[in-house]
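One structure follows; several queries about it will come next.
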Amino acid sequence: MIVSRNLKPGLILHYTWRQLLYYTTLSTLIVILHDVYEIVFFNIPSYTIAALGTALAIFLGFKNDHAYDRWWEARKIWGLMVNYSRAWARQVITMIIPQDNAEYAEMAAFHQKLVYRHLAFVNALRVFLRKRHLYNEPRQRELFEDENTYLDAKPFLEPEEYAEFVKKDNPPNFLLQRQGEDLKWAFQKGWISDYRFVKMEETLVDFNDIQGMSERIKNTPLPRQYTFFSRVFVFIHCTLLPMVFISELGWKTIPVALAVSFVFLALDLIGERTEDPFENRLEDTPMSSLSVAIEINLREQLEESQNNFPPKVKPQNGIVF
Amino acid sequence: MIVSRNLKPGLILHYTWRQLLYYTTLSTLIVILHDVYEIVFFNIPSYTIAALGTALAIFLGFKNDHAYDRWWEARKIWGLMVNYSRAWARQVITMIIPQDNAEYAEMAAFHQKLVYRHLAFVNALRVFLRKRHLYNEPRQRELFEDENTYLDAKPFLEPEEYAEFVKKDNPPNFLLQRQGEDLKWAFQKGWISDYRFVKMEETLVDFNDIQGMSERIKNTPLPRQYTFFSRVFVFIHCTLLPMVFISELGWKTIPVALAVSFVFLALDLIGERTEDPFENRLEDTPMSSLSVAIEINLREQLEESQNNFPPKVKPQNGIVF
Amino acid sequence: MIVSRNLKPGLILHYTWRQLLYYTTLSTLIVILHDVYEIVFFNIPSYTIAALGTALAIFLGFKNDHAYDRWWEARKIWGLMVNYSRAWARQVITMIIPQDNAEYAEMAAFHQKLVYRHLAFVNALRVFLRKRHLYNEPRQRELFEDENTYLDAKPFLEPEEYAEFVKKDNPPNFLLQRQGEDLKWAFQKGWISDYRFVKMEETLVDFNDIQGMSERIKNTPLPRQYTFFSRVFVFIHCTLLPMVFISELGWKTIPVALAVSFVFLALDLIGERTEDPFENRLEDTPMSSLSVAIEINLREQLEESQNNFPPKVKPQNGIVF
Amino acid sequence: MIVSRNLKPGLILHYTWRQLLYYTTLSTLIVILHDVYEIVFFNIPSYTIAALGTALAIFLGFKNDHAYDRWWEARKIWGLMVNYSRAWARQVITMIIPQDNAEYAEMAAFHQKLVYRHLAFVNALRVFLRKRHLYNEPRQRELFEDENTYLDAKPFLEPEEYAEFVKKDNPPNFLLQRQGEDLKWAFQKGWISDYRFVKMEETLVDFNDIQGMSERIKNTPLPRQYTFFSRVFVFIHCTLLPMVFISELGWKTIPVALAVSFVFLALDLIGERTEDPFENRLEDTPMSSLSVAIEINLREQLEESQNNFPPKVKPQNGIVF
Amino acid sequence: MIVSRNLKPGLILHYTWRQLLYYTTLSTLIVILHDVYEIVFFNIPSYTIAALGTALAIFLGFKNDHAYDRWWEARKIWGLMVNYSRAWARQVITMIIPQDNAEYAEMAAFHQKLVYRHLAFVNALRVFLRKRHLYNEPRQRELFEDENTYLDAKPFLEPEEYAEFVKKDNPPNFLLQRQGEDLKWAFQKGWISDYRFVKMEETLVDFNDIQGMSERIKNTPLPRQYTFFSRVFVFIHCTLLPMVFISELGWKTIPVALAVSFVFLALDLIGERTEDPFENRLEDTPMSSLSVAIEINLREQLEESQNNFPPKVKPQNGIVF
């Protein structure tokens, strides 16, 4: 997630220089052909691009609206993760009550186990989501990335559980299964009533939802039929621009066509990069930062000392991961 | 669902060649009539199509926005299927508890029966949704299709249940009814309390919702009054285009009119194909792939060996079904 | 609901011939005045209608978007009816359990009574919604209609209950009240626990919601201030069109103005007809067809013989009611 | 709420004559200056207002979309009031059950008390919402209004309760508090179980939501920064119109500029009046009519005689309050 | 939140004078260069800005729509705070019931403690949200601000609790944890049943949601890639305007370009200021006013005397904080 109000020109150029180079070369070529060699056959009237404009506006509006919807939904899902994590910790601490005071120490350890395993779940889901799919392979090197490995979940799990965890096909789901089994254990031991058992199981279903909704966004790209054609039609539109401008603008075609092309290019590219919020890129949902915030909240609820808390994630280069 | 970032020209031509042929022929004819025979009566000024443009933008924006909404809602519904399937398996495994340890083996078989019948439900619903309605009969051969038969549900049901299942008017609903009856059996046997009975029945209602929401999208086309007129008005608009372009553009009318027509044609056609997400087409909701993913998750929750899991569905030709 | 992909010209003409006649006459008159009598004072430049265009696009976009939202919400509500009807039948059959096996036959009759009364509710709500309000009186004869009378609910109710039912101010609400009272009876008899009583009452609240949401759409027209002005401004806009076209287009004004007028007319009229989804018209929510589908589903859940099921509703003239 | 399909010219003129007078005078002045005195310096080309048009479309689209959203949300909230009121009455009647048959008469009175107090709540909330805020003071006299006083709640409350009720800072909330206290009383008396107590309390929370959501819309105007600038920019735009039209249109500037101005004026004014749905104006949410409908439904559920029901609210002058 | 219908010119100028100065200077310069020195090379045709217009409309529409969505969502969240606060107070008062009448006084104190701690939570969350982030630092002095310190929560907490509260990393979450622990205490004491314990815990989860949703909006700016480019492109567009206008408008370029620039500037700036609803600015969600309203409601439910209620917040300078 970008937090600085201004984007640095270097950043913008990194992602657009190829296209800008193409449009500059094209305009220059057309100006030379037209003004020096007086070749004019490519000249077209302005209403041709106006006719294209209507359709292009639909494509670009569509792409950006739905890209943002996906991004914001991703953020909402991880907002739910924050809310239900705090609720889960509170429910574990206040609702799991031994019948016998002698079991107090065992209870405290059990509380910590359920809360820590949840922290493992949060980190595991983040890592699970940040893995790249073949078909989402970026077309150019990213300037900024974050590290994401299952080792981040290790401190919160017992060693043998961690060993089993990393071998699973779906590691976060395995942790939810374990949470459910521990609730059953507590129920059979009499630490939670039938009713509180079901209530806490409902909170686990909320985590199922959070995981499943995240996976849906991760695994389902914005329909390629829209993003592909929007990219192609921006290219056609901007290629036609200097052919329209040349007859009246002369050499001014180069800066003006570049400026107008850049605006359309920006719209298309921003949409393209915003649409996938879990790709470990600078526009990402800030899952690393949220994971740390959840860890601090939950350990505060466990009444651990603030000295042991991990440091909060600060923006670097105006970016939070 | 298309996953490759680029669409192959062959694919695009397969679905558009008839229209492209018509527009090329039309433009060529107009160029010949105008430039060779000097017939000009069909000439019209550019503001006529600008006047049409406003209304066309509303039609096309409408069609594509709502087509996408239907497609994305379909994907959300099947995302819920993933989430609640995992929750159902966990609830079956952790909440159905015999009073007597001697019943342990019977319980394990019962757990597997309820989870497997759910896998049958998932596959049955997919097959039920992929059947074609008479009024959704495609107007041309599809390039890629997937196989969907009720046999896919057979491995998850006992033989006599399967025999009854295939004869039903609404097979997936029959399976939910059976799940409910088995819950009643477990309740009467004392394996689930009154409270857990109701909780698990609520999860069945979630599956009712998933089925019903899918059927709603399947059985209710985007209002034909919109899709029909949008198709007709794109045709009128693109037919008028060369009559506008001819006076200034000459032979360039042919490529420019074709390019502009193609953009509008693409908008209309993409909307038309995206609007029905359960028709066994390349833009479909990836229900086959999700069914396999659910199967792997649930069998992992049942602690079956990974060796017996079905292989995950991989994209073929850039498409996932 | 229209299901055929193409609309017949006869159908379109039935609803638009008056307006088309007006616009043809107007254009012809203007052509004659201009070309024959050389009266030109009504000539106006094209940017006047362009200035109108912006505002008209907002009005027409607004009207169609919200008309469709109402239509689709209506369909969603009746989709919930399908889902919860199936759930209600399953809950009745699996959750109402006599303490004593001797009551088995009485229980089966009670199950059937509650499921059949629900079918009466479904049919009663459809009839209740399809009644026409004075202020929604159509301005012209409808081509296709469906029959809707409370007699359709008769086979599902006991005679004395039916007699009371038809006299009520709000017959569907009366049936829900009766369902609640029968649940109380079952609770007092010990056939449902306190907890299952409340759960099934919650399902009745879902039916309250379905009825109330349908009534909301039925009784609250899309704000007249929008639909009225959109109709008036389309009329003004299309009346100005030939005055713009005449100076350059000559006799071609007649077909071109007619074509452009028709597009705007279609947008306005489609919006106007889509906005009220319960008026027994060809664009209606297919409540008749859904009622039959629910009846078949629920009787299948009651394990009745398929031979007695009503036949499914088939499209007639490309329309499903 | 306006229900008649057509708006009367008198109604429209009542709210727009000042502005129409201004625009007519302005156009006439400009025509006279231009044609009679040949003063032309105010002449501006048409693309200046085209450049304004884009931004104006965003402002007006924004204002009307969100005004309608507020209006429709208000109607949805009062739709929930209808649904939950019916559910509340049914729950009161079927769920509050004395242990002892001797208490039957006392129970019936208690049922009626809870249902009647709810009718008081419905009427109280309507009156509470229809009070005018200082900052929502209308800028001109309203043509039609409805009466709203707390006396409408009096028949449904016991005298001493009514006396306390009218003195409260938030009278509707006071009634919900009383309902909760009566539920506690019934719980302590053993007429409702712990479980049914909580269920009915949940229905009270639904009424908290209905009240709070209504208050939110009432107390939070659509951001003034949008409505103010949209009003100002429509004024600027329409003032510029005759300066654009005059050079080509001559005296026709007066009717054409008036027509175009009226369209924009209408868009702005309709948005302005639709945005506040609880101001006792002709576009209001029909709370008076819904209150009577709820009263009839609930008294029918109490099995009172239809003879005592209040008459339904009929449209007057095409308006329902 | 601005409540007065009109904005004062002084207010508008405070936030826009820099930009207006720039645009006036630019236009004047261009007029002088063009008319006095007859330098014309910067002249560009009007269709260049028309081509920019389409893309700009998407950017500005996007920015304002989503800014408003954030603002309205913030208001909805705080609306939920009102609703659930009233429900919480009612539940505390009616559902926490001692077994023994002797405990009546202790119970009343406990009721007050839970309700007052909730008022502390409301005030704490407001203060927590109004703190400024480094990356949201305003670029100019605000004209109106409100005071927000944790001292506002002090009257509602016991001294030692307050001392612990202010030291926490997340003070509002600490209060929810305490509420949960007090519920556990009441449960162990037998004042609430298992079932009511869980119900009230659910209300605490609603407060978790309210806090988490507020934090999501606070901590996640509208994607900077959109707001930055929209600001830049408005600047480019308005800088080009006088170059288009100069050739036909002469000295009139100055007022007309200023008027058009101001419209676009206003759209961008309003979006920019509306998008962050918790920054202690005049467009803020009125959390201070809502906190006082909640306090009055809840103390009325506790049957405290109206004389001790704090005064309601009145608009000052047309603004409510």
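A, B, C, D and E label the chains in the order they appear, each numbered from 1.
Going forward, contacts are C-beta pairs under 8 Å (C-beta built on N, C-alpha and C of every residue); 3 or more make two chains touch, one makes a residue touch a chain.
Computed from a predicted structure; not experimentally measured.
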Interface residue identity across copies subunit A, subunit B - same or different by half: different
Subunit C and subunit D, separation of their C-alpha mean positions in angstrom: 25
Computed distance of Cα centres, subunit E from subunit C, in Å: 40
For subunit E, residues contacting two or more additional chains: 50, 56-57, 61, 195
Category of the chain touch graph - line, ring, star, complete, other: ring
Complete ring sequence of chains beginning with subunit B, oriented so that subunit C follows: B, C, D, E, A
Subunit C-touching residues of subunit D, taken from the complex the two chains share: 1-7, 46, 49-50, 53, 56-57, 60-61, 64-65, 68, 71-72, 75-76, 79-80, 82-84, 86-87, 90-91, 93-95, 97, 193, 195-196, 199, 241, 244-245, 248-249, 252, 256, 259-260, 263-264, 266-267, 270, 273-274, 283, 286, 296-297, 300-301, 306, 309, 315, 318
Subunit C - residues contacting subunit D, complex: 41, 44-45, 47-48, 50-52, 54-59, 61-62, 66, 134-135, 139, 168-170, 173-174, 176-177, 180-181, 183-184, 188, 194-195, 197-198, 201-202, 204-205, 208-209, 211-213, 215-216, 220-221, 223-229, 233, 236
